[in-house]
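Below, chain A partners chain B and then partners chain C, in two separate complexes.
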Partner chain A sequence: MAGRVAIVGVGQTHHTTRRNDVNMAEMVGEAVRAALADAQLSIKDIEAFIFSNMEAFEGVLLPDHGMVAEVGAVGKPGLKVTGGGTTGSEAVGEGCHMISAGLYDITMVVSWQKHDCGDATAGISAAAVPTFAKGMVTGAVSEFAKQALSYMKESGAKEEHAAMVRLKADRGACRNPYSHLKLGLGSIDEVLQSPYLVWPIRLYDFCPQSCGACVIILASEKRAKKIHKKPVWVADFVVVHQEPFRAGSFGDPTGTETYSQHVACERLYKRNGITNVRKQVDLAEIYEPSTWEEMSLYEHFYFCEKNEGWKLIEKGVTDIEGDFPVNCSGGVIASNPIGATPVIRIAEAALQIRGDAGEHQATRDIKTAIATALGGPNWTAMFLLKRSL
Partner chain B sequence: MAQRAGIVAVAQTKYHPNRADVNEAELAYEAIKQVLEETGLTLSDIDSVVTCCQDAWDGRTIASLNLQHVVGAHFGHEFTVAEDGINAAYVAMSQVLSGDHETVLVESHMKESQGEKSLIENAGFDAILMRQLGLDFTSAAALQARRYMDKYGITPEQCAKAVVRNHGNAKNNPFAQGPMDITVDDVLGSEMLVSPIRLLDAKPISDGACVMIVATEEKAKKLARKPVWITGVSNCYETHYLGDRELADCDALVKAAMRAYSMAGIKDPLSEIDVAEISTEYSYQEPLWMEGLGFCGRGEGGKLADSRSIEMGGQLPVNPSGGVLPGNPNGVAGMARIAEAVLQLRGEAGARQVKGAKVGLAHGYTGICGQHQAVMILANV
Partner chain C sequence: MAEGSPTKQPERPEYIRIKFDLPRPYNWSTGRYLGKLYAEAKENKKLVANRCPKCKEIKVHAPTPVCPKCKVDMGWDWVELPQTGTVFQYTYQVYPLFDPHLGRTFADPHPPAIILLDNGVFLRHRLEETDTKKLREGMRVQAVWEEDYEKRGQGFQDILYFRTIEE
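And now, the complex of A and B:
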């Protein structure tokens, strides 16, 4: 990027099943105030706003328009991006572009989903091709069941490994004050007792529908160092979308498909001289809609060799105390307000780099982190964050 | 700005009341094909895509799923903007100036014919306090029209004149949906939709697409026969609740315009801009938006609309293309204004050409009573 951009403030709400006490704008306002407090800025300092939300889930047209007063965007420039699970990444990406283009010095990314106003599974089902696939798609669970099945068959992972992913996530979630599902699980057996949704995906293998918001404040190099004593630099990012007819490629039984993750890694790692991600990057916050997908993503992002993702889990490599911690926050299977989910990944990775993650701070020192997003028909976004450039 | 962003090529479909013969991707590709042919680029030369669509209007969650193959987003970088397409061009400009991308395809499409306008727009109002009133964008616009006309004494005849002039100009525009020979009496005698807005005061349902390529200065000079530069741009939100707004004074537009002018170094828009393309879905918006854009003082839009200075051959011709009133889909409308301004600055606007145009203005808005406003200034030198 021509101009360097840093994260100078992050704020989230508590993520939960229902927020009957607030409307969408009031819920988002909580995260806005938290981010401003973190950055020690006033709303007057924010020059432009990028909103992120999937409007089909709540059934609100132009939902950013309804909350500009509560957010503090009246009279200010801004726009909303929309586009599946990766929407939040696009919003942060655009917030960065606006700054590195020299248009603004401080931008705010406002992201949220309030799933108690709608139904995510119905919303996701409406992503099917209207002319010949309506009625064939049943939300995300069935897609990730196919992925799990193909991963299980190919890699030799067992249901116990998926259960270990939930146990790892739950340990993080129970330490993270903002997490939605804090199950307090103690054993693999407890996870394996949860009912199947679509075999082999169990209830505890999958992400919840959460209400929540996350706000990130971005600043130019000139301003960042004055605003926050620990700015976190956005070193680079990539967004890789793909054509839906090629999808079904969350899991690929044919072994012939190119994964968007591989394309994203090739671009991001090459541009940043990363040849061994486990050595050169300290931590990852990844967008894993299911336990099975987490193991598969380890392989796609080259955290390990093919078919060895489950071994990382088995050995505890990706634990909070491990060599390469992944999703110390509890991840997406613990909290999933979709429009905000990629933004939470970036915010959590930034907190880890700052050393401000509190109880769920990784044991090892985190200087460099990756935050990813997954959406649509296996679209990928990846952010590379650093303590110093 | 060290660099400038240039518009390399623009294309529009002909606007039409019902393109049941094509889906969204096929419609968009009609315009995409033209910009590729003009520049000699292929989709693999495009390194970023900005689409503009809304799930509610396309009837599909993640509306841009419809388009991935025709915009060249397979394994590519794609962002989708929900506001009017003029903002998608703004995003493309930011990507180019950031140094991250060199050649950005911007796409905006809309098939209003397949949506239920009133139902979709009603979902844009506050769910607890306003939706139950049955408001849609037309009934809200009627409140704004009434307030504006009452406050400043704007007459229905002045608004009707805007309709007649825009439809007349549209006769010179091959992309226009509804060029018509109409009189002020025809407008004033047309069916009342929501008082004071009559059938001919409002734009009809429309389908169409607009596409452009935005590139770095260096690339633009290589790719374009006549690059057009984005010299100023801004957008602005106003508050949501109608009761909290002074509907007769479009504050968001005033702010967006001032910021865009300041960026482009424009002090007196009326004399420094050669051609303006503004988005008016309802007739009263033409005088109102002209006030917001600073073409005249507050409350003087009616007088300006009466004068000859915004006609073809006048001091500042407004909407030589006919603008939005003869039929442009929402979401596409503001981006089509850029496309038209670009044609003017390239001297390629045919029968609607403003002679010697060097500086152009494009305006687009999104939402209830123009809650979100965007202004872009373009120049050919």
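And now, the complex of A and C:
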């Protein structure tokens, strides 16, 4: 990027099943206030806004129009991003672009989903290219069931390993004051007792539908150091699109397709001289809609060799205390307000770099982190964050 | 708000919530390419796909004017797909999910499957067989069409499901 950009403020609401006490704008307002407090800025300092939300999921068209007052965006420029699962990453990317291009010095990314208003599965099934995807898409669960079946068959991972992913996530979630599902699970058997939704995805293998918001404030190099004593630098980011609704939307059961993760990694790692991810990067916050997908993503982001993702889980490499912590926050299977989910990944990675994650702070010192997003028919977004450039 | 502290769930009564369940009729255009698939299905009970002039890949999900891989104009080269194939992968619902099209949950849903058609094209569809004990990969299947002409016109949905066949 031409001009350097830093994260100077993050704020989020707690994530939960229902927020009947507030409407969409009021919920978003909570995160805006939290981010401003973190950055010690006034809303008047924000020069442009980027809204991130999947509008079909709440059944509201132009939800950003209904909240400009609460957010403090009246009279200021802004745009809305609606891009499936990767919406939030693309929104943060736009906020960076605006600053990097020299248009503004301070931008705010406002992201949210209020799932108690509508149903994400309905949104995905009914609204996703209705003329050819209607009836072909039974929400995300059966797509990730296919992915899980392929992963199980190829890698040799067992259901016990998927259960270990949930246990790891739950340990993080229970320490994270914002997370949605705090199950307090103690053993693999407890996870394996949860019912199947779609074979072989169990209830505890999959992400919830959460209400929640997350806000990130970005600033130019010139302003960042004056705003926050610990700015987190956006070293680089990539977004890779993929064809719609192929035979296997996630993963590649047919063995004939290109993984968007591989394309994204090739660009991001090459541009930043990364040849050994686990040595050169300290932590990752990845977008894992299911326990099975987390193990698979370890491999596709080259955290390990092919078919060895489940071994990282088995050895505890990706635990909070591990050598390469992944999703200390509890991840997506613990909290999933879709429009905000990728923004939370970036915010959590930034907090880890600052050392401000609190009880779910990784044991090792985090100087460099990756935050990813996954969405649509397997689109990939990746952010590389650093303590110093 | 202090840094790092969660927003507290306020203890107060729930506000009024408005339920909105009016049907909202939409009309989508299929377009030239997808329209060809719809028309062949409705008029002739045929499943068609288009083929890239460069990489020769057959696009069934869905026919497009531009090849996603080569990024070249697809032209107008159509292939009729065989209606028999083998089950490449399948899954099945255990917990009934809500179906927004019908406004109810699936009581006995047909298993979603990836079917390898006899010309090597992968097709996403579903299986007639709902007894999960009788499902297996490699099973031979054949498309079963909606026979009522008036009910056809739903694209891929004109095929109801794939039925197990003995050969």
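Convention: the second predicted complex is superposed on the first by the 380 of 389 C-alpha atoms of A that agree within 3 Å, B and C clash if a C-alpha of one lies under 4 Å from a C-alpha of the other, contacts with A are read in each partner's own complex, and residues count from 1 in each chain.
In the analysis below, contacts are C-beta pairs under 8 Å (C-beta built on N, C-alpha and C of every residue); 3 or more make two chains touch, one makes a residue touch a chain.
Owing to the predicted nature of the structure, the values given are computational and were not obtained by experimental measurement.
Judged by the touch definition given at the top, the superposed model places A:A145 against chain C, while chain B stays out of reach.
In the overlay built on the shared chain, the residue A:L103 is in contact with chain B alone; chain C does not reach it.
By the touch criterion defined above, A:I43 lies against neither chain B nor chain C after alignment on the C-alpha atoms of chain A. Within the superposed three-chain model, A:V239 lies in touch with chain B and out of touch with chain C [touch as defined at top].
Of the two partner chains, chain C is the only one that A:P195 touches; chain B does not reach it. Of the two partner chains placed by superposition, only chain C is touched by A:D21; chain B is not.
Once chain A of one complex is fitted onto chain A of the other, the partner contacts of A:H65 are limited to chain B, with no touch recorded for chain C. Looking at the shared chain after the overlay, A:L203 reaches chain C, while chain B stays out of its contact range.
Chain A residues in contact with chain B (one complex) as well as with chain C (other complex) are 23, 59, 125-126, 129-131, 243-246. On the chain B side of its complex with chain A, the touching residues are 1-2, 23, 54-56, 59-65, 68-69, 73-83, 87, 90-91, 93-100, 120-121, 123-128, 234-241, 244, 251-252, 255-256, 259, 366-368, 371-372. Those residues of chain C that touch chain A in the shared complex are 1-7, 9-10, 12, 14-15, 17, 20, 26, 28-31, 34, 37-38, 61-62, 68, 88-89, 91-95, 97-101, 109, 112, 114, 122-125, 132, 154-157.
On chain A, the positions that touch chain C within their shared complex are 11, 13-14, 16, 20-23, 30, 33-34, 37-38, 59, 119, 121-122, 125-126, 129-132, 134-136, 138-139, 141-142, 145-146, 149-150, 177-178, 195-200, 203, 243-248, 253-254, 256, 356, 358. Residue ranges of chain A in contact with chain B, taken from their complex: 1-3, 23, 49, 54-57, 59-62, 64-69, 73-84, 90, 93-94, 96-98, 100-103, 117, 123-127, 129-131, 238-246, 258, 260, 263, 375-377.
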